[in-house]
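Before anything else, here is the set of structures, which you'll find just below.
Two complexes are shown next, each including subunit A; its partner changes from subunit B in the first to subunit C in the second.
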Partner chain A sequence: MMATALGRVSRSRSTYASLRLAVLQFIADPQWLIPSMIAPVVFALVSFELFRSAGPYFLTYAILGAGMMSMWGQTLYGSGWATGQDREFGTLEPTIQAPTPYLYVVLGRVLWNVLSGLIGGAIVYVVIVAFAGGPPALPDPVGFALLFVFVMVTLASVGVVFAAFYVYTRYAGFIQNIGEFAFYIGTGCMFPVVLLPFYTNPVSLIFPPTWALDALRYLSIPGYRGFAWGFWGDLLGAVATTAVYLGIAGAVFTRVEHHVLEEGNLSEY
Partner chain B sequence: MSSSGPAIETRGITRAFDSRKGFLFREATRTEALRGIDLSVEQGSIFGLLGPNGAGKTTLTKILSTLLLPTSGAAYVLGHDVVREADWLRPRMGLVLGGERGLYNRVSGRENLRYFADLYGIPLGERESRIREVLGRVDLDGASDRRVEEYSRGMKQKLHLARGILHRPEILFLDEPTIGLDPKSARETRKLVRSLVADGVTIFLTTHYMFEAEELCPKLAILSKGRIVARDTVDRLRHLVGGDRTIEAEAYGFDDREVDSLHRLPGVSKIVTEEFGPVSRLTLRVRTDETGPEAVRAVLANHAELSVRERRTSLEDVYLDLVEEEAR
Partner chain C sequence: MATALPSAVPYRSAFWRTFWANARIAPRTTLGFMRVDFVFGTTFIVPLTQIVFFAFVVQLGGGGPSEIAYTAIGNAVATVTYSSVFSVCQTTDHEKSQGTMEHLLVSPANRLALYFGRGLIPILLSLATVAVGLVYAAVLFGVSIPLSVIPSLTVSVVLTAFAMVGFGLLLGGVALYLRTSIILGNIFLFVGLLLSGVNFPLSVLPVPLQWAGDALPLTWGVAAIRAVLAGEAFGSVAVLWGAVALAAALSFGAAIGLWEYFERRALATGSIARF
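On to the complex of A and B.
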């Protein structure tokens, strides 16, 4: 038998294959989207009730916070979780054994998680808008849409790094559970970061979505007072931190693959 | 094809695992899974690695298939270093790890294959026809669009095999491919393995069944506690014990004194004791014609219900001998 196609495996094809498999697995069992939706919707409704009088843009604020909460859940959690599942299913070994860098498989899943996060965010949006009786005011819809997509990219960059930890160790889930809540608050999903005690700021700033979210608020909430460096500073910071995360992900993945081959814990879960 | 040299060559492969137990006061233990493996496997044949559970079969398979790094030593597959040239090797090798894990259960068998076809870069134009081909080959065509979670153990194993050969590897690693299968599925799997060799694929197969190694592998190595304790053709292994006789004695319990007396008979090289409920069985390996069933019967004459008989020494006996000698 002659082996054919022994050149480089197309990375976009691997990424697409992984995205496709993630979608198929989701279709086979879609109800897991629901639990991740409950907390954000409840959170949004409560905060909306509490701060109804805070001004015309509070609805935007509540939607952004809740939407982000569900997207974070989906993107980050989902990315790490998928790799954790690879461990559990025993599919991590054959996948690593295939001539595709695992990074591209993860990327495909992260893309799916970003998309499904978007679905989650949309559901949250519809629920809240129905509750509030009308859509929120949005000064710059096009800018908002663009920035929104960028926020998802920043989330994805964190997702890839998290996934790397899942390849590294089966204990990543434990670390992630602890980190999750800190992240909700730290990135300003729930409250603007500037409202938090000052010592949490440096921690928040290591997450790219913190910057991007603050920019999104500047754009969509007139009179919003976030980080002192303002909208463009936020944007710059978001781009820079995202680049760093992607760099780390790339580097970590090459290391991680070597590490797991050394440890021989690929089939542990 | 690559070089015409050996398909696999290893030099002094060792592998240790460090594991820690406990949370606060972690206790480190070191398991030496492989203790210096030297092997050479020629191309285009089935090579069998036989050994009991825990011998190190999976560890060696994973090292050779680039999924685990050796602690020391070197291994070459198709003439390429498994550590440094893993990228070159991976598209050329197939790996089938036994067991039920390793598949995406919520999607169909066909979708599992599509996914791996993409990860292996099988040309898109050929993808579907290749999938059909391998599904037919492992006799799964009828079930290919059902979810894997509905598959039986045997069907999952067939799907594993289908994935292993999808990219037409030059060398295929099969780690206990029939483990947990019913006899019929196991037989079908062995048939498939033989048909692959006919296509020129080199197969490295591990098993803990002597009969499977005997049936499939013209050459084999026996692994015990991380060491190769025998390496030969099946025929020569048989010769190893060609002159030996095996005598079995059964009764309701033997005492140590009796066993000692049997050991003192001329030519008795080994006695294995087994219990089957109230019945004990002694299996004696005898290296001379002087000691026959009568001599054994004479020593055990006190037992009312005694049965002593001689039987042909089997490869299974050789295997158990080798493995037990090592274990002592």
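On to the complex of A and C.
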């Protein structure tokens, strides 16, 4: 009983320590926010210009899309780096040998990635509002804020799975750089996924943020036409897929740890 | 029998040897993208996903087929930035992190050969990227590319690739003085989408932003390619070619000038590796 309690404390302490270290690294070198922010700000401005004559709620599209891209970018790059940094610093082996499961170390880093993505999203919001001359109309600001936090949780779940997958591959850089636009398209960052050809929809629905973002648009854009199952269906799908992702992440990390401890081949990848 | 070089005669490595050595080695070392997956992704995946992304944004914004075709052409050309500007400007970072910067600066290698050699593979990759992008634009978004314009189009694309690689080398020169080139690389990777007439005409932007756009080689490259595809008269296309060529010459010239300046400073202060 005592051991279990201590184990839990150790895990939460590891996550907190990992989060704290990520914050300190960011403060020491905050330039990493810039790469994940430049593209969304530019895309937001381009979209704003392209949407300019398409009605008042298209400002929400531009802001939501670009903010989402900022958080996606941070998740995509940050999660790759979550395990990549251990490889580069030579701390992957000692960290995995530690009594605390590696998942809880990565979780702290992923949480910071999502939070810093949110900072990027806030900067995008300020820039676009400054260009547009005022904030967008939101029918339900409180619901929007709550759902936005949930979108971050869905992104974090994807981030943890990516981080687990990146332990096994040397193609993390490829996925991040080459797949960036594909993720933006597939999850409907800037436009509803229903605009894409129908046969692509099942692929999009694999990702929790697709559901959550569609729900967010239903909430914030009157007359929005997303998936046929509507707001509550989106919300249910987002919760279910997020749970599945977290389950997969836990299983993969456990397998990774067992595998590398048995085989002793962590450095070979 | 070995013969010593006369000490009074400075050793000069052959221009072409330096050129080819850099052309072959740089992609595997300082350019850092000479992996099959990256070449494949940059050439075939990035143009497709970028064009599709903006095409759907235009569609959502109420744009019709002509607006979508406009965006498809612009983004097909803009993808040149990945292999030309983003990769090339990071050569400085790689030289620093690999510890080869000091050796490079004290080597007698002909600098012109060195820079042109480094630019060779990115230029070829840029040509491939734009060509594939234009094929996507034609096949998926109905952009008309008559066979009769292919020679003029080729000239436009080649000039654009040269100009963009020159611009990448220029940014690499600026990055000598920065801690990292990643910020510069990211800025110029995406800023062209806003300021170079890629997604909408430059004229819709405020005048200061139009001036900023005019300073980018991509703006002239996009304009030249659009003019060719629109079937404009040779005279007006030639003027745009002149602008792209001028941008290329200025970029390469400024890059070499900047590197020479920093080299002199490095030799005088011994501080180039401090960043």
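Here is the rule we use: the second predicted complex is superposed on the first by the 246 of 269 C-alpha atoms of A that agree within 3 Å, B and C clash if a C-alpha of one lies under 4 Å from a C-alpha of the other, contacts with A are read in each partner's own complex, and residues count from 1 in each chain.
The working rule: contacts are C-beta pairs under 8 Å (C-beta built on N, C-alpha and C of every residue); 3 or more make two chains touch, one makes a residue touch a chain.
From a predicted model like this one, the values you see are computed outputs, not experimental measurements.
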| item | value |
| --- | --- |
| Partner chain in contact with A:A137 - subunit B first, subunit C second, else both or neither | neither |
| Partner chain(s) touched by A:R13 [first = subunit B, second = subunit C, both, neither] | first |
| Partner chain in contact with A:G90 - subunit B first, subunit C second, else both or neither | first |
| Contacts of A:L236 with subunit B and subunit C, given as first, second, both or neither | neither |
| Touching partner for A:S47 - first (subunit B), second (subunit C), both, neither | second |
| Contacts of A:A28 with subunit B and subunit C, given as first, second, both or neither | first |
| First, second, both or neither for A:Y61, with subunit B first and subunit C second | second |
| Which superposed partner A:A98 touches (first subunit B, second subunit C, both, neither) | first |
| Touch list for subunit A against partner subunit C, complex | 31, 34-35, 38-39, 42-43, 45-47, 49-54, 58, 61, 171, 173-174, 177-182, 184-185, 190-192, 195-196 |
| Touch list for subunit C against partner subunit A, complex | 35, 37-38, 41-42, 45-46, 49-50, 52-54, 56-63, 179-180, 182-183, 186-187, 189-191, 193-194, 199-200, 204 |
| Subunit A - residues contacting subunit B, complex | 1-10, 13-14, 16-18, 20-21, 24-25, 28-29, 89-91, 93-100, 105, 258, 261-262, 264, 266-267 |
| Contact footprint of subunit A on subunit B as seen in their complex | 1, 15, 17, 59, 62, 65-69, 87, 90-92, 95, 97, 99, 101-107, 111, 114-116, 118-123, 126, 147, 163, 167-170, 199-201 |
